[in-house]
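Both complexes shown next keep chain A, but they swap its partner, so chain B is in the first and chain C is in the second.
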Partner chain A sequence: MSANQDRFFALMVDKLGVAPEELTTEATFESLEFDSLALIELSVAVQKEFGAQIDETALTPEDTVGDVLRTIDAQLVTS
Partner chain B sequence: MELTSPLGLVAGAWYPPESQSVQDAVARGDIDAATARDLGYVSLPVSSAVAPPDMAMEAAREVLLRCGVRPEKLSLLLHASVHHQGHDAWSAPHYVAERLGAHAAVPIGLLQQCNGGAIGIETAAARLLADPEAGPALVTTADRFLMPSWDRWRSDYGMAAGDAATAVLVHRADGTHPAELLLHAIGTTVATELEVMHRGDDELNATPMGHSPVIDVRRTKRAFIKAYGVEWFTKTAHDRIRAAVDLCLRRAGLAPDDPRLRYAVIPRLGTKAMDEAYLPPLRESTSAELLDLGRATGHVGAGDLNASLADLAQGDRLAPGQYAVVLNGGGGFTFTAMAVSRP
Partner chain C sequence: MRGARTERFDVAVTGVGLVTPAGIGVEANVERVWSGTPTAARDSELEGLPVDFGCRVPGFDAGALLGRRAAVRMDPVSHFGVVAARQAVQDAALDPAAWDGARVGVVMGTSLGGWSTVEREHGKHLADGPGLVSPLLMVMGPVNMTAGYIAMDLKALGPNQVVSTACASGNTAIGYARALLEAGACDVVLAGGAEAAMSPTAMASLARAGALSTRSDDPAAASRPFDADRDGFVAGEGAAVLVLERVEDARARGARVRARVSGFGASADGHHASAPDPSGGGAERAIRAALADALIEPGEVDHVNAHGTSTPLNDKTESGIVRRVFGERPAVTSTKGVVGHLLGAAGAAEAAYTVLAVERGLVPPTANLSSLDAEVQVDVVAKEARPVRIGAAVNNSFGFGGQNAVIAVTPA
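Coming up: the complex of A and B.
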């Protein structure tokens, strides 16, 4: 499991209103009913919490929570 | 705006014969299926052949014909638009007035973003109230949203743009001209602190279309959300929408649950955007049945409210004595609610 998963999941629940029971690394943003504006809020929240840059314009509804988590992990390792 | 007595309205809209269905847009990749669901449109009218001022002419001619008002009797021609009208450093309102034969009408262009048509009616009302000799005023709107300058499905969040023109004749309702609707009250509120939403963190430049080759409101909205968050917009919009509707109903002498108030007509934005920004405050202000007239037109630039007046004027939704409150908003921001009734 990613070292950042607990923090990221807490952020998704506390800041973005995702129900904890729906939150898995396989969950797509479409399944979580994230629209374009919610993806922008996600990128802002990730930037504030982790200092990691998520390009929300590159995210699609088919991308998963795990995809974003891997981006965070990669940026934190290289920084 | 407080009206001393109701004004008469005759309202029409012109839509091009061509349209694009949402299924076609999804199949062509113009929009993804999830966003299409959130928008909730079934189709968008497309005006490939007719430019906006000529679209406005079509709507205006039909309205003047219906009410029997000669163009030379008009005192004012207000033309509102959002996007390119067909030429640069040139006045579309003067073109419309000239082609229409409205030679005594003062042509004025309104750059009010998407609330331009509504503000046009408010400005027309002010002219009629201020000048007892002024003849009827005509408010037109017209826009088309064509590539390469505007991607009707993707230039903005929360809406897709349809091509249409509207014309609303405003007169004194003194029996001289027919009135399809009576205008009883207008409530307009302002939120200029949200102007930044359509500018983002862009600098003001010296060249038209210099920020992006295609109008990209999504970019400025992303910058806005990153700087201020969605909640600030939603909270401010709710506050001003509620105030506009409350003001309008109070001025019209209508209680929120008044049995005469048949409909609360909503703007032609995407369904999800309306559910989040417009419906909560509207529901707090009135229990009238919600009426959505925009699923087959899309958001028609400066003319959403005026197009809905056209639908109310020409259809049989309102029985004599029944009222509707028609709501609209536009970037900048202003929010307008109008109370109209069937005579």
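Coming up: the complex of A and C.
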């Protein structure tokens, strides 16, 4: 499991209002009913929490929670 | 006179929703307001400010009430507004799943809208740069959003608007809602006000303006309308919503009618940004306009829910106007002694309290009134609630900017 998963899941619950029971790495943002505003809010929250850049223009409803987590992991490792 | 009414137009108040410092729901509000128990307390979010106390809504969990996904996209002003609207609809025994939403309007008053979100995001912008500003600011900050969220939540799909006349906003909303019903544009209107502006910058400005009580050593005693020792208002937050319908429609569906809104009057002082016109001319014109609209003579009014902010100037000026228009007859109260000044929600909460006073035949007391200001020469209810058979009542609201709005309330 990613070392950042707990923190990322907590952010999804606290800042985006996702119910903890809905939260898995396989869940797509579409299944979580994220609209475009929520996806941008997610990228802002991730940047604030992790200092990691998520390209919100490349983020789509078909992406999964795990996709974003991997992007965070990769940036934190390289930095 | 052109436009003068010859026949009264009443709207029935069939539902009331209240989210105030006195509690969540009609019952909690009745218990606290009619017992005259103040709610002001020191506030951890205001620590270090010149005035560090106010009246918060107790035990309000937006996530639990609205769902966390919805709650994170709304400013607290909309949390309060939506919850109050839901309560009002439930109190009216209306079913949003069954109603013709296109015939249901929403008119909400607010002064500062999603101010606390604007303040927070502005802080982030200055500290961290534009890249960390939330995209949700634009669906949380603007004043119109409370009415918009009520429409989304309850599928109230008729005319939908927010009016903003500072501390008179709630009464203004009720006045316009009544006009929509009279014009036939709606069959039901959810009308009221919401405010959640007890954020540090707003509170600092109010304190700097000298509007707030500085009684930090005893916050519970700080809001004391008409008392000789009053020194300013105490800020509060919350929302109130009334369900309004034409009387015949309410009757036809067998609804319980709590009271009627029978008249509305509005005016501008055209005098000063924050101080009332010392002559009271604008406020008096609004009161007389509401009475004329309701075809009620001043001598028929048994109860006045005063604006009664607990500022030295308002209470002196307002009591002079009340005395001049109504004489000594009406039982006057200011419920701000209990809940503080809810700004854009004040008129709506006090309209709800006026409706409940008329329905219950019981005028709530003005909290903290122990020594009536000698210059206040009206009959202010103090200490405990007073039974009064109310044939007509008036709710006054006067705002910064000199905007005045008054409604007249009569029994069911």
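Keep this in mind: the second predicted complex is superposed on the first by the 79 of 79 C-alpha atoms of A that agree within 3 Å, B and C clash if a C-alpha of one lies under 4 Å from a C-alpha of the other, contacts with A are read in each partner's own complex, and residues count from 1 in each chain.
Just so we're on the same page, a residue touches a chain if its C-beta (ideal position, glycine included) is under 8 Å from a C-beta of that chain, and two chains touch if they have at least 3 such contacts.
Everything numeric here is computed off the predicted structure, so don't read it as measured data.
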{"item": "Simultaneous placement of chain C and chain B on chain A, clash or fit", "value": "clash"}
{"item": "Partner chain in contact with A:Asp6 - chain B first, chain C second, else both or neither", "value": "neither"}
{"item": "Partner chain in contact with A:Lys48 - chain B first, chain C second, else both or neither", "value": "second"}
{"item": "Which of chain B and chain C A:Pro61 touches, first, second, both or neither", "value": "first"}
{"item": "Partner chain(s) touched by A:Glu30 [first = chain B, second = chain C, both, neither]", "value": "first"}
{"item": "Which superposed partner A:Lys15 touches (first chain B, second chain C, both, neither)", "value": "second"}
{"item": "Partner chain in contact with A:Ile40 - chain B first, chain C second, else both or neither", "value": "both"}
{"item": "When the two complexes are fitted on chain A, the stretch of chain C hitting chain B, from 59-67, 185-193, 203-211 or 383-391", "value": "185-193"}
{"item": "Doubly contacted residues of chain A, that is, touched by chain B and again by chain C", "value": "37, 40-41, 44"}
{"item": "Touch list for chain A against partner chain C, complex", "value": "13, 15-19, 33, 37-38, 40-41, 44, 47-48"}
{"item": "Chain A - residues contacting chain B, complex", "value": "30, 35-37, 40-41, 43-44, 56-57, 60-61"}
{"item": "Interface residues, chain C side, partner chain A - complex", "value": "63, 67-73, 128, 131-136, 139"}
{"item": "Contacting residues of chain B [partner chain A, same complex]", "value": "32, 34-35, 38, 157-158, 218, 221-222, 225-226, 229-230, 272"}
